[in-house]
């Protein structure tokens, strides 16, 4: 099987993408003597004239420790719903047939699609139209149920933890409350794990609606113990519990909170309304996606890349690689999409945080 | 001279403060067998009943690599202009006589004041009222003319450079313009040095009013060379040149730019208005003040601490320690205040940046 | 149960020990309102007059990110075999009865013993004599079968990977073979995982006897591809396969290899004997045990500490905490001792390394 | 002047070499529109058929944060003394005329030689034979008098300091003496600065012959204060004072110290002979030359690269770039060679270390 395979990376940037690419090339070229084509900028590179380049052993030399993706990535380029201008108006069209034609002209027989939910859905669609496809899951938020852990996630946790270590000294020296907004729209893994590792006092995650009163009580209690600073880690998807929603909205209206750009500022406003303490907000944003992957992420991503090639050798298409326990296995792409891996509010990790004296929202 | 000296740290947090404290204690206690009192929370700790604790060799053990200050710091507590409530109204009063009385009751004979412009002005005021005072300069922005370099500055540059290294991979993978706002209200040192070290494409500093047209031209030129991403580093005090002021104001009115919190967003808006590229803004904020000082800052701060004690031994009061070339010297506190060390727009460092192909604002 | 518990750390230093101590104290004191005694220097602190201090919430403040153990540790002090001088001669005696008496005089009712094989064996012995004991496993080599992962291990892998990243540039610039000796007397986990993450070309582990001929062939093959440098990672327990033993011994005799201190130098000698290339040896040694734990290790160690206290609350003595899959569980200390967790030469991780083009000894 | 220039890097690896190369290319190609040839592997690349490649803006993209040199380096290849086999015997011949002929055939008119003493001597020799040459100084030890600081030096200090931070926790937990051997054959800068920054207790440098008795006394004194661990930093060129030489030799004879590979082991043996404490030795070796340069070194190296091109534009040949105070200036290569920049035993830095309670050898 397979003299030529193609690989693309789609969706948001994530440390470990280069390690997947390198794993695929080293294994496909070095072991199987296949040819590997790198598609540029995700599915965008398949639209119109295909944009690709040969990936040799030399072209992946030195990329293991580097963040980002040498192939480029994009959130655009869905062939099943592509914006085309017709009579001066933009219409979304299904151009997948043309894309498949172009793909085959390149000589590639198989596609490895590395990406999140959006990328994998497109990959599944193309598979259903007959293209031999392998999926490699990618989400920095670790919110995909089909795999125990995703690469990039632990690097993000490491970056946030390092930031919390740094902010501690400033918070303590100035007796301030530091509100640190981190990634996590649906799942609070990054906030929870980096909050525990970075010695946060309060952690707010999407899975547990938070109570401003209880946050303020926790900060007050610390003050009672002579600790005049607190670190509050907030996932970007955190929401206030019923009783506080009103406060949130009012704060938004009065202070333009929402336009200020994030839940971090909203939480800061809510605390300020109740407590007389200096508060500062830090939004880590894109810093969390950048930089050299941790050893764990380099290894996991390399294993995913090697496994993807193995699946091609076994002609197991329509499958996605995944980590289960200590093993890299394969699952159906179809079954894997859209099933979220959320923090269990009644689970051990939240309980551990609470035993450590951390207030987890409620 | 001096069986007992007191030390306080005032103003914003800065990596190296603990190294100064340790240098003072190791030298005063270990070498001279003096007693050292640590005043808590800057001049605040001298208001009312003095808040202080004994600093022994043990109490400074292990603090060299740590950010922040074990003494706490504050921007409040000016004894020459202290808010006092009189008949229900807040008045600013000169309570320096009472402060000096309290100070002497503690048994301390000399004060080492570590801080920026504000702290040093108060120190000078107390010196003029007869208190033997030694100043140690502190500004993370490196904007004090009396000393060649200040501790904390290189740590801030290291943190920003690390952030730029991380953001590079994301900018490149996504073909984005990344606008990174860094500290520097009056002086652009942090932006300039970390911009050069972090391979920025555009650097905007307070000393050189910037032209949006030229920024956009630089980004376009890179695009022409096939480089579809750019990194723009903006000091918080950067301002647009005459012709662009209108744009800045309009952007502020239309988009609520100023309320968005910083020049970073303003610059992003201005670029967006001219170029069709994805832009992201990252504001590094308090991250720049935190964390373990670099070796250089640990050494410089230690030298400052040792020199401060030496000046006490020599009864050279009213003096401030400073770095001149490779030597730590002493200068008059009075002469040192408020003289800013700005980037020279015609100097070698800006010219070097330009020779490297970096657009420095103009 | 349990108004007062004692905790000690034994055996070699390991990042995460402080996080365990903090987890125990925060949970026992903060949640259960118990008293915690810290025993100094492992079982040494129980010999003679007990050496211990109260551990309060304050005394564990700030220790989470720090390596080492605030309690000190020791490899000595086995109460079942303690060196006592009798008539001028040193005898090993069982002094465990006296140790138990002293222990109870301190007011402590339960002991949490954090350590490796040696420490856990003593803990089990004391448990069999009636002392309520909880074990917390610790091995930087990750070679304990009772738990999926041990804290400290991933920090060691991170430190080695960082070193490999650094050595790469020098190896490449000078066209050298770099032999890097890492920890792992029985198990090759550190060498294998950091070798994959750090882009090693050859990895030698105790579980797979190595062939010098094949190492040299691998290096030669790289040279044929124009890659004039190679990185060889050697676990300290790596041994040459039958056919090479002679070479190893001869090298030792001729060059004093063994006295040079390690397998790293032996391997270097063996390669030098066959290839005309510059070789350099780096022995990472104690660097691998030091420094701030990674977020993963901080969290795992914290969970272990919290779980140990939970087991006390449930009066489940003679048990050891352990990680199984994603869960922290408890197992019998007795069953856990001496069962090694070795790398499976036929397992996925070795196969992945080989698919990536890495020569794993054979 | 100069449509085509050549650049080579010679001698030991050093962080910042790539930054120099990038500075030269960005300035020469981007600003002046010249052509730049990169010579491979130092002067080796000029022997026989010249080995070189074109350096474009693209070929230096992304190399600023990387250690090593993309051109390769070598300690061999002195054209004035090159080993040639004549009648089966190796003779050292002056082949510089042939080298110059080859050089000119490549089309290059000027040579930028980046390297240490050896490289600069060859460069000066070629200059004297008529080749337009510019020198860029490089020594990781910072031991060149012609420039205030050399790039790479601060990165080495940062790596050693980080190692000392890590070793502290292990030394303290185990109550050990840690002997850490660092670079510095003639000059003790790395040992002295990283020792101060990394909180060493004893620092041994070539400039101050050390006394074993005084080292042991310092360690004993700490023990008296309850501090049962000590960190001893030893420069590889450190030597014992007269009275101890005998001890050193005896130790070497008895224990094979010298063959163990370094002064670190010798010092450990000497301490062991007097004190009953656990001692461990760590030799940092090649780790000190690797890895990403610090921001300071990236900037200094970039400035050197830019200045070298400026000197070519001004036709100031036979000159070497150098840092003096805050300025990059140019000096005669001839005058710069072999003048060592040593630590002044009576200078401020040693005095500061001593005031901090550090024993500096004597």
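When the chains are written out, they are named A, B, C and D in that same order, and each has its own residue count from 1.
In this section, contacts are C-beta pairs under 8 Å (C-beta built on N, C-alpha and C of every residue); 3 or more make two chains touch, one makes a residue touch a chain.
Fair warning: this is a prediction, and the values are worked out from it, not measured in the lab.
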item	value
Set of chains adjacent to chain B and to chain D	none
Remotest chain, chain A as reference, centres from CA atoms	D
Inter-chain centre distance, chain C versus chain D - centres from mean C-alpha coordinates, in Å	34
CA centroid of chain A to CA centroid of chain C, Å	32
Centroid distance [mean C-alpha coordinates] between chain D and chain A, Å	42
Multi-partner residues of chain C (at least 2 other chains)	165
Residues of chain D defined as touching chain C within the complex	9, 13, 15, 17, 41, 66-69, 72-74, 159, 163, 165-170, 172-175, 178, 256, 259-261, 280, 282-283, 285-287, 289-291
Complex contacts: residues of chain C adjacent to chain A	22-23, 26-27, 30-31, 57, 64-65, 148, 154, 157-158, 161, 165, 193-194, 196-199, 225, 227, 292, 294-296, 298-299, 302-303, 306, 309-310, 325-328, 348-349, 352, 355-357
